[in-house]
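The same chain A turns up in both complexes below, where it pairs with chain B and then with chain C.
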Partner chain A sequence: MNAIPPLFDVARVRAQFPILSQTVRGKQLVFLDSAASAQKPRAVIDAMVGAMETQYANIHRGLHWMSERTTDAYEATRDAAARLLNARDRHEIVFVRNSTEAINLVAHSYGRGIMKPGQAVLISGMEHHSNIVPWQMLRDAHGTELRVAPVNEAGELDMAAFEALLADGRVGLVAITHMSNVLGSYTPAERIAKLAHAHGAKVLFDGSQAIVHRRVDVQAIDADFYCFTGHKLYGPTGIGVLWARRELLDAMPPWMGGGDMISSVTYERSTWAEVPHKFEAGTPAILEGIGLHAAIQFMEGIGYDAIAAHEAALTEHALARLSAIEGVRVIGRAQDRGGVVSFTLDRAHAHDVATLLDRQGIAVRAGHHCAEPLMRSLGLDSTARASFGIYTTPDEIDVLADTLGRIREFFA
Partner chain B sequence: MLAMPQPDPFLQPEDPTAAAAIAAIGEDLALFDDWMERYQYIIELGRKLPPFPEAWADDAHRVPGCQSKVWMEAEKRDGRLYLAGASDAAIVAGLVALLLRVYSGRTPAEIIATEPVFLKEFGLLEALSTNRGNGIAAMARRIRDAAAHYA
Partner chain C sequence: MFEDVRDLYNATIIERGRRPQHMHRLEAFDATAQGDNPMCGDRVRVWVKFATDGAIAETGFDARGCEISKASADLMVEAVQGRQPADARALFAAFRTLAQTGQCPACAEALAPLLPLASVHEYPSRVKCATLAWQALVAALDQPAGTTGETSRE
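Right, the complex of A and B next:
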């Protein structure tokens, strides 16, 4: 008898997500849209409800028991996030609403505050709009340049072109996804950071997708900025993390002014609180912060080795099943990729595919996935996208593939 | 010399009134017990739409607010509003066909009097109104705006 428990028991994981037992249109829910937002485990739900029921007050201000306890719970999330990213120092963790806010913060505080007009920001050809638009706004307001490193046929960053765009030494910041939300491709973060630094640039990674699927070590990557959002990491909406090197945060001016970010205020002038608080104006998302702690602990409890192995097997299974369906084309064939699979079906619009899948209880995303420039470079208006999480099963992928096989006949 | 006659892009009504068209659509959809079959039927309707002139598949004819593309044109003939429409998505094209069956060739007064609630009642809009809409609700609004303009 085998007494060793399996490394990863997906049934036990699923049992922790109450929503997964729901039926949709009379069918068992098959949720393949985790890259847009992931479902929440019981631990996250309980942490937030528990805080509201037993331990809630505004933080960082009160001299009373409830405020101190709530402050402790909220600040414990900072320690957990620092641990998750292997940050040197808990003060390098800035709480934000989401990755979008994190990138906008860097575009304002580092972009306008530290970068000089004439310097360039280098992004890739597979960015989410949240890592394009803030740099366009910086360009238009501050006179920086926006450069785009192309993506090759397989859906990987073209490293030769990337390096060539750094060559003139004018790039002040490389801002790049760590994993594409459309193609599933990882970018080689260590190489990118090394090249950026060799050419005098800082580097920011948008880790919104990557951190859900693999261990991230900002020191091993040698990153300067790294951000992620809580709601894709099985945590609540409205809370995310910007990590940055302490010396950068110290040098950067604050972006938003208000309460909690000041040291003192007079009508003549205000002085800023210490890092990270000078970037955290106003009452933050307290309950969501507490929920994020539970999400991080949940991930740590399962462990990234088990998560990565489970999802690699799922992705391999999905690529094999989908590729075997006549008329289905998988978009993106990167060597190093994760559980996000975009595809098209011949003669069918992605909206048709998603609508028909939805009737069978299967949730996928269809559209441009907030990455219009990438879609245009692929010559596509839209794709359907199935994305996997820790609770996804091979059976669900089979349901998707079998249903797609039926749908294909509609358009044959 | 005889010019090749161009097919009329505007849909001719097959039912006597908008209300009769809605009733007929309801009966047709009720023939299917499965949503996959129902959509197969709807896709078929879209394929049978009168050919939409390529020159009209432009931004000026585009119904905004949807990721799948929807185009339409309206023309008044003998006091009635005739409609043409198309979409790049098959299901949406089928829904365009349903809208045209109800509204094309009716008087502005009849169009204004006919609310597009039948889409919701038949379970068609709810399925597609999510994810920023499929343009069908927007197209129904535009048809009724055109009727108000001509009324």
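Right, the complex of A and C next:
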């Protein structure tokens, strides 16, 4: 941040999340699991309920008032998502269920339709299973290769190794997280895109975590594909976004067939609708799409500068507090990181830690975080993970740290 | 703090989780199988040796996981000692009911050593930790003689 952080009133933000006033097991809820799925602000809840109560019908097909209004509301989300990512063209926004579906769409359509057997997909050593398994399936079905760029001890992408893996020019696609859900590390997206392009590869970023904490500009990054999921961005489940360059989407074959994605259908042949509808077969998640619009507006209302400053301060506080506890080891020490902190405790397994934290009303994730290969490379089978959102307070991190100290005593 | 978790994290579970008495590979065994919990990464391998009458003569295990999964595996070894495979299966069925519901209607004496785990039903996300070793044991018992088993998943 080069500007003075704008005023950020976390109490006002929290007041917009009804669930945060809940108690759990008689304790005030301390929700530190936003990286798995974030809580929903009143604006999102009201947008979805309001649509169901006043303005709902199927979209893109009705010739009546309700359908037209609902179509407008749903399509307005496309404009909002295009603005959020700074896309050139609203037609570059494809709605999907989540990031997993976005990556599978690219693996099927771009992978099988455009890539040639013998080409390679390059991922990193800190990917979520959703950015590993689709490429293994592509490899096995289509004869592509799967390459993995290692992560250094700090939890950062090893850029020299990454570049070396591009050197033979056979990598057709780099598919990489923009921020690790385990280590919190951001990857240097602009450098990655530049290197990928210099070696003839396209690049996909999994922005599921990254876009929650920082502004993303797909043109500035010079990305080819970028995806995120609504439910981590304070929106509903079941709605996500795949952004891709228009010319790529135009060239890619459809993935799923059905209603809404066609131009015309006869028994002999069908022709495809224009992008993005070519990739949106079937009745979509209409209400969830409308909810996502509210979530995007909510984020923009607070502003990414304020969000990033708030979360950077929280992360710094968390790293300081957790590192000061004897027996706690923070996993991942990347310079450039977001509000996700994984750790182990010497005297107790992560599941036992999570259970004891839960009894104090503190929600964290424990396990392999859908990133088994990364965990194995770290020599771990599980970690506990605290992750922060716009509603997280330094006090909550203090409660976590104090309780961890007590858990260590419990297992003495 | 944490007095309310002493029902599950009682002295027996803490002691067995920390210092399991039977966590070792058998040098000679007749069957082995692994239990994996893909949701959390816990893994237990069980080795079994049978007596000439077919009863379980010796059991050993290796576990990667939490206190609950290790303690449960350790207690399981003692609970199945000397039992015929059919009896061990029946004991698992009873234990699974106990772990899931806290109830054991026909609570046999054989279940007594496993009672320190009874309150795991209050922790629904941890029930799988308590039953993982049993899954592996049953998978081992299911193997035809002379083969070694593959992964069993809870």
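The rule is simple: the second predicted complex is superposed on the first by the 406 of 412 C-alpha atoms of A that agree within 3 Å, B and C clash if a C-alpha of one lies under 4 Å from a C-alpha of the other, contacts with A are read in each partner's own complex, and residues count from 1 in each chain.
We adopt the following convention: a residue touches a chain if its C-beta (ideal position, glycine included) is under 8 Å from a C-beta of that chain, and two chains touch if they have at least 3 such contacts.
From a predicted model like this one, the values you see are computed outputs, not experimental measurements.
Asker: Sticking to the clash and touch definitions up top, decide whether chain B and chain C on chain A clash or fit.
Answerer: clash
Asker: State whether A:39 touches chain B only (first), chain C only (second), both chains, or neither.
Answerer: The answer is neither, since A:39 touches no partner chain.
Asker: Identify the partner contact of A:366: answer first if only chain B is touched, second if only chain C is, both if each is, neither if none is.
Answerer: Touch status of A:366: both partners.
Asker: On the A-aligned overlay, A:375 touches which partner chain: chain B = first, chain C = second, or both, or neither?
Answerer: After superposing on A, A:375 lies in contact with chain C but is clear of chain B.
Asker: A:344 in the overlay: touching chain B, chain C, both, or neither? Say first, second, both or neither.
Answerer: The answer is neither, since A:344 touches no partner chain.
Asker: Looking at the overlay, what does A:209 touch: chain B (first), chain C (second), both, or neither?
Answerer: neither
Asker: Just checking: does A:410 make contact with chain B only, chain C only, both, or neither of them? Give me first, second, both or neither.
Answerer: A:410: touches chain B and chain C.
Asker: What part of chain A is shared between its chain B contacts and its chain C contacts?
Answerer: 25, 348-349, 351-352, 355-356, 359-360, 366-368, 381-382, 406-407, 410-411
Asker: Looking at the complex, which residues from chain B come into contact with chain A?
Answerer: Where chain B meets chain A, its residues are 35-36, 39-40, 43, 67-69, 88-92, 127-128, 131-132, 134.
Asker: Quick one: in the complex, what on chain A touches chain B?
Answerer: Answer in residue numbers: 25, 347-349, 351-352, 354-356, 358-360, 365-368, 381-382, 406-407, 410-411.
Asker: Within the complex, which stretch of chain A touches chain C?
Answerer: 25, 348-352, 355-356, 359-360, 366-368, 372, 375, 381-382, 403, 406-407, 410-411
Asker: Taking the touch rule as given, give the residues of chain C at its contact with chain A in the complex, in rising order.
Answerer: Going by the criterion above, the answer is residues 1-2, 4-5, 8-9, 14, 39-43, 64-68, 123, 125-126, 129.
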